[in-house]
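You will see two complexes here that share chain A, one where it goes with chain B and one where it goes with chain C.
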Partner chain A sequence: MVGSIRQGVAVLMAMVIIFGAWVGFASYAESQPNPAVSAAHVVKQPEGNMVGKEVRFGALPTTLYNVASTQTSTGSVSGANDSFTPIGGFALISGMMLGEVSPGGTGSGLYTILLFALITVFLGGLMIGRTPEYLGKKIQAREVKLAAFGVLIMPLVVLVIVGIAVSIHAGRVAPGNSGPHGFSEILYAFISQTNNNGSAFAGLSGNTAFYNVTGGIAMLLGRFAIMVPVLALAGSLAAKNIVPAGLGTFKTDTPLFTGLLIGVILIVGGLTFFPAVSLGPIVEQLLHGRLF
Partner chain B sequence: MLVHLRRSVIVSIIFLVLLGLAYPLAGTGLSQVLFRHQADGSLTADGSTLIGQQWSGPKWFQGRPDGTVVTTGPGGVVVSGTNQPGPRSKTLEKAVAKQAALLRKEGIVPTNDLVTTSGSLVDPDISPADAYAQVNAVAAARGLSASAVRRLVATHVHSRELGFLGADYVTVLELNEALVRLG
Partner chain C sequence: MTIATMQPHLEPPMARGVAQPRSLFDRQIFVQGVIGSFKKFDPRVQVKNPVMFVVLVGSIVTLIEAVAHPGIFTWSITIWLFLTVLFANFAEAMAEGRGKAQAESLRRMRAETEARRLRPDGTEERVPASALAKGDVVVCEAGDPVPSDGEITEGIASVDESAITGESAPVIRESGGDRSAVTGGTKVLSDRIVVRIAAERGHTFLDRMIGLVEGANRQRTPNEIALTILLAALTIVFLPVVVVLQPFGHYSGATVSVVILVSLLVCLIPTTIGALLSAIGIAGMDRLVQRNVLAMSGRAVEAAGDVQTLLLDKTGTITLGNRMASRFIPVGSEGEQELADAAQLASLADETPEGRSIVVLAKERFAIRERELGEGREFIPFSATTRMSGIDMDGRRIRKGAADAVCRWATEQGGTVPAGLDEMVEQISRSGSTPLVVTDGPRILGVIELKDVVKEGIRERFDALRAVGIRTVMITGDNPLTAATIAQEAGVDDYLAEATPEAKMDLIRAEQEGGKLVAMTGDGTNDAPALAQADVGVAMNTGTTAAKEAGNMIDLDSNPTKLIDVVEVGKQLLITRGALTTFSVANDVAKYFAIIPALFVAAYPQLNALNVMKLHSPKSAVLSAVIFNALVIVALIPLALRGVRWRPSSAVAVLRRNVFTYGVGGLIVPFAFIKLIDLLLTALHAY
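== the complex of A and B ==
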């Protein structure tokens, strides 16, 4: 419909690169020994972290499956996410934090990354003083506002509800593990519910009135509140005429654009969620005392 | 208005029959014809080869622990089966040490899989290394030669799916059934 395969490839490559990087570092983390099993000093762990994993799948295919599962919307797991190493668990949580764009949930992955693409075009335009255009459509204040709104709904819902959950008693009694790992369990639960995934980190006794109600709100907002600005954006863009690409157009079918897009996704995701992640997987890893 | 209503009712009925009746029947029928054994749960006389069991005593090859050590809460209540210990859990550390001590008592050198629980808690498989670690203990308990038991293990190793997915594994139930036939 756009009439250019290169435009699609530029976006697809951003998805592929993020997905590849996440599978890479998660696989490395899971091929390392489980810290708690090591602490018992009874076995060597040449297979990697096998806690919560099935023998016939092995550590690496389980990791591949679970990373793929959290970055799409399947909601299934082939091993216990809760027993992943801190960095492996971080890969699962952060894949969803980036807005599930690599390659994203059924039906929602493409529009989420297109929101990021519009923001990238806008930022790129600001940096080099060119007219922001995407696929021949002028990106103006209205579109940028809607795109930013669409991107920010998910973090807003997740962070507010997680904040409430850790502040009140009903939320704090649910985690099955203590300390930062318990926080990761709460964080994962709400990101998964908001972001159209539905898989569980497990370990959270979530069948309580508090978690059922807040989870329901998270699911409702996560699905429909994002669709509203996206539909408004689509309507606004559809009404515009296509302007031919000129000298001032910032090209969106180049590796440079792919790189910028990845940067925007990582920076937006990183800036919004870094404080939350540092209370969960990062502090857990630091307590462990080694990078891996 | 009435036209729309009639159409939506007709479409609903068509899909009710198609997806609610025809599709499950076709699925069940095809699987019964093509994969009867698997569709019925891969059952053998002693249980399914897809669901791990607990084997007591040194006369049997042991599977992975069923996780009751980890998931039993205060007062002996078994909490949710999906509850998994985190990577820095003290409970996990103690459970691993306890399981290793149990294995050593039976004369088995503990391996990674034999002291850790799987995600499903009913992993039916162990790795070939886990099986070989138990050969001497099982052979001694049954009065068989260790080399005969080792050969038995070797003939029951399944290679990984399609040659590259997952890991080589031994299904504990199959191995123990073969062990009975050996004597």
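== the complex of A and C ==
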């Protein structure tokens, strides 16, 4: 529709780089021995953490499958997410925390990353001294409002519902594990549902009235509430005139833009979920002795 | 393109206008800023800034906590949170103070003056200037102040406008034409003029100026509103992020103190840009005023940063304004010196700049001095019908003027048009210059070439504009041939020749339909429609009231190249906001690493691994982050008031530089400073 392959490549590269990085560090984490098995001193683990992995494929292909699954709204798994190392599990959770944009579900991944692109363009445009524009359309107060609303709805829903779940009895009895791992299970459940992913960390007894109702609310808001600002944005942008590009235009088909876009996605995701992940996977890994 | 070179040369302090440059921290403004920053604690003021309002509410929460459970830590946090709000207030008060100081000097000018009002029967009466209404007619003579804005209906006078423009040289104002407007607060130096008052009480130029520089009723600009929304969104999202830490912590077996949660919230929300946002806007307007440009709306200033096409009048902007004699070209067997001599005689009494330039050229080339003319000479002035001027003396009749007019006159005297003259004249016209033919009675001597002189350095400025993607279009009444030559010499991208007001309007509309923002300068009444149509219309202060009302900016120096400065200020304004927002958000990463381990280290001692700065204790870590958060506002006030430096270069280069400085810098700097503050706190045995 835009008629520019370069613009598409810039956004696609941001998806590819995030996906690649996540496969990379999840693979590294899963190639390490399972700390619990090591502690038992029963067997050696030359193939890495094989606990819960698909034995036909081995640790790394299973990890690749699960990372791809969590980042694409598919929900199928080739191995037990719950049995990943804490950092491997962190890779699975955080892939969704970034809004499932790498590459996300059909359509939904694209419109989510485009919301991030608008925020990126707004900040970048200000920094070059021009009213920001993306693909020739001016990004003004209305667009910023809608894009910010669209980007922030997922973290808001997840955090608030997880906050409720860990506060009340019905929420706290469900995890199969206590401590940080149990926290990760609750966090995963709601991040997955809000992001329209469908995969489960497992270990959580989710078929209770509380989890069914809250999960339903999370899905409803996460799947559909984001579409409201996205559609409003589409209408608002479609009605605008195209500003011809010139030397003074903030170019959105460059590696610099891709880098900025990744930066904005990581910072927004990181800033909203850092406290939560530090109480879940990060502290769990640290309890095993070291971060990496 | 520095500020210094564009500042008009300011004479003695008394003659200064609004353009009074002030040091960044003038003592008087500083004191008023401190007082103002306390006054701004008023919740009605605070609520307008969502980010700082949250900080204020947070500091009240910690205050209650400090009173209920007193402790050094709780009190320190409370004090530093209040200081954060205070510093934000101070930034805004400083920015406003600079405008107020300028308004003060303008108010003194408005001090009660007497006006000499003309009754319908022609007699005079003395009334206070404040009693004048629109349509009244007043008389001003040498020494009288002009009581209010108006149009001269009768007479010509030299007027001292230094009070408004800062320019000490008097200017000529006369009835009719484009220089008939006078401004209240200026002073008539010579002669007598009759002025019809054109402004209502309280709506004079001076009143508007005072309102503008004071920043009263400042309207927020579109990008500022958009940014405020983004900042509000970031504030709103961090609220639940921090609030849910209470249940998260409880689940994890950690007791989370309210004071630390408030500290975390204040550190995470974008306080740096939130505190400085309005100061940046006020200071941007102030920078324009310092360059002697009055913007009627902040929106126009911001639009200037977006301008893609600049329409510039040729005369006075691109060229020096007057054609200058550059060559004597004798025709046939005539000598060049004889031509120069005759041309000089014909121009001695010619007071036009063109005439004077001929005398100067004759002196330079052949050392022909100005001479006393004997009795019996008669000067023939230029007229639109004869299209020539000259002198009759000692029986000689020397004429200079348009080629066809002079040739016809010489033929009538019995002369002939020498061979080669026509080609010569045509060649000069084609090169963009103006040919003047000189004849001594029937004997045609040759041609003087009058050249449009392109201003020095103008080409470089256009090159700079092109580098930032702004297209320059020269507007001129000249024929296309002349226009093309000058356009090429000056280095503009395009030109509009034989421009009529309609043609200008059409050009602006065509550019705007293509989605471009257009800026133009103008001074005449016939420029008014185009000035109103342009996104940024800069009217010259010497221009007519109609032009001034149509434009959305007024240049007090009446220097059309100012547009380029306006563009610069507009861009700087946006860049400063974008850069500080990026800096503010990037800072959050370091603050997380300071506060999160501190929050939960009691429950999970292993989380100390996240304490990458190796801060002394949880309390010193939180306090260091809060202190850094407050001090960074003060540290950035000068940057907010002065604006981020902007040099004309491509968008990619500007972006790369600013992302590196404020994005990457914003990630790294707080790590170093939070550590430093923690070391100081530890050294002082605070913890």
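By definition in this document, the second predicted complex is superposed on the first by the 292 of 292 C-alpha atoms of A that agree within 3 Å, B and C clash if a C-alpha of one lies under 4 Å from a C-alpha of the other, contacts with A are read in each partner's own complex, and residues count from 1 in each chain.
As a working rule, contacts are C-beta pairs under 8 Å (C-beta built on N, C-alpha and C of every residue); 3 or more make two chains touch, one makes a residue touch a chain.
Predicted model, so just to flag it, every value in this text is computed and none were measured.
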{"item": "Contacts of A:167 with chain B and chain C, given as first, second, both or neither", "value": "second"}
{"item": "Partner chain(s) touched by A:51 [first = chain B, second = chain C, both, neither]", "value": "first"}
{"item": "Partner with the higher number of touched chain A residues, chain C or chain B", "value": "C"}
{"item": "Contacts of A:239 with chain B and chain C, given as first, second, both or neither", "value": "neither"}
{"item": "Partner chain in contact with A:156 - chain B first, chain C second, else both or neither", "value": "second"}
{"item": "Touching partner for A:148 - first (chain B), second (chain C), both, neither", "value": "second"}
{"item": "Touched partner set for A:209, first chain B, second chain C, both or neither", "value": "neither"}
{"item": "Touching partner for A:35 - first (chain B), second (chain C), both, neither", "value": "first"}
{"item": "First, second, both or neither for A:282, with chain B first and chain C second", "value": "second"}
{"item": "Common interface positions of chain A, toward chain B and toward chain C", "value": "179, 287"}
{"item": "For the chain A and chain C complex, residues of the former touching the latter", "value": "119, 122-131, 136, 139-141, 143-145, 148-149, 152, 155-156, 159-160, 162-164, 166-167, 172, 179-180, 183, 241-244, 246-251, 254, 256, 260, 263, 267, 270-272, 274-276, 278-279, 282-283, 286-287, 290-291"}
{"item": "Complex contacts: residues of chain A adjacent to chain B", "value": "34-37, 39-40, 42-47, 49-58, 61-62, 77-80, 82-86, 89, 176-177, 179, 181, 184, 200, 202-203, 205, 284, 287-288"}
{"item": "In the complex with chain A, residue positions of chain B that touch it", "value": "64, 79-80, 82-90, 92-94, 96-97, 100, 110-120, 123, 125-127, 130, 158, 160-161, 165-167, 169"}
{"item": "Residues of chain C that touch chain A when the two form their complex", "value": "222-223, 225-227, 229-230, 233-234, 236-238, 240-252, 268, 302, 305-306, 308, 466-471, 514-516, 570-575, 577-579, 581-582, 585-586, 588-589, 592, 596, 599-600, 604, 606-607, 609-610, 646, 650-652, 654-656, 658-659, 662-663"}
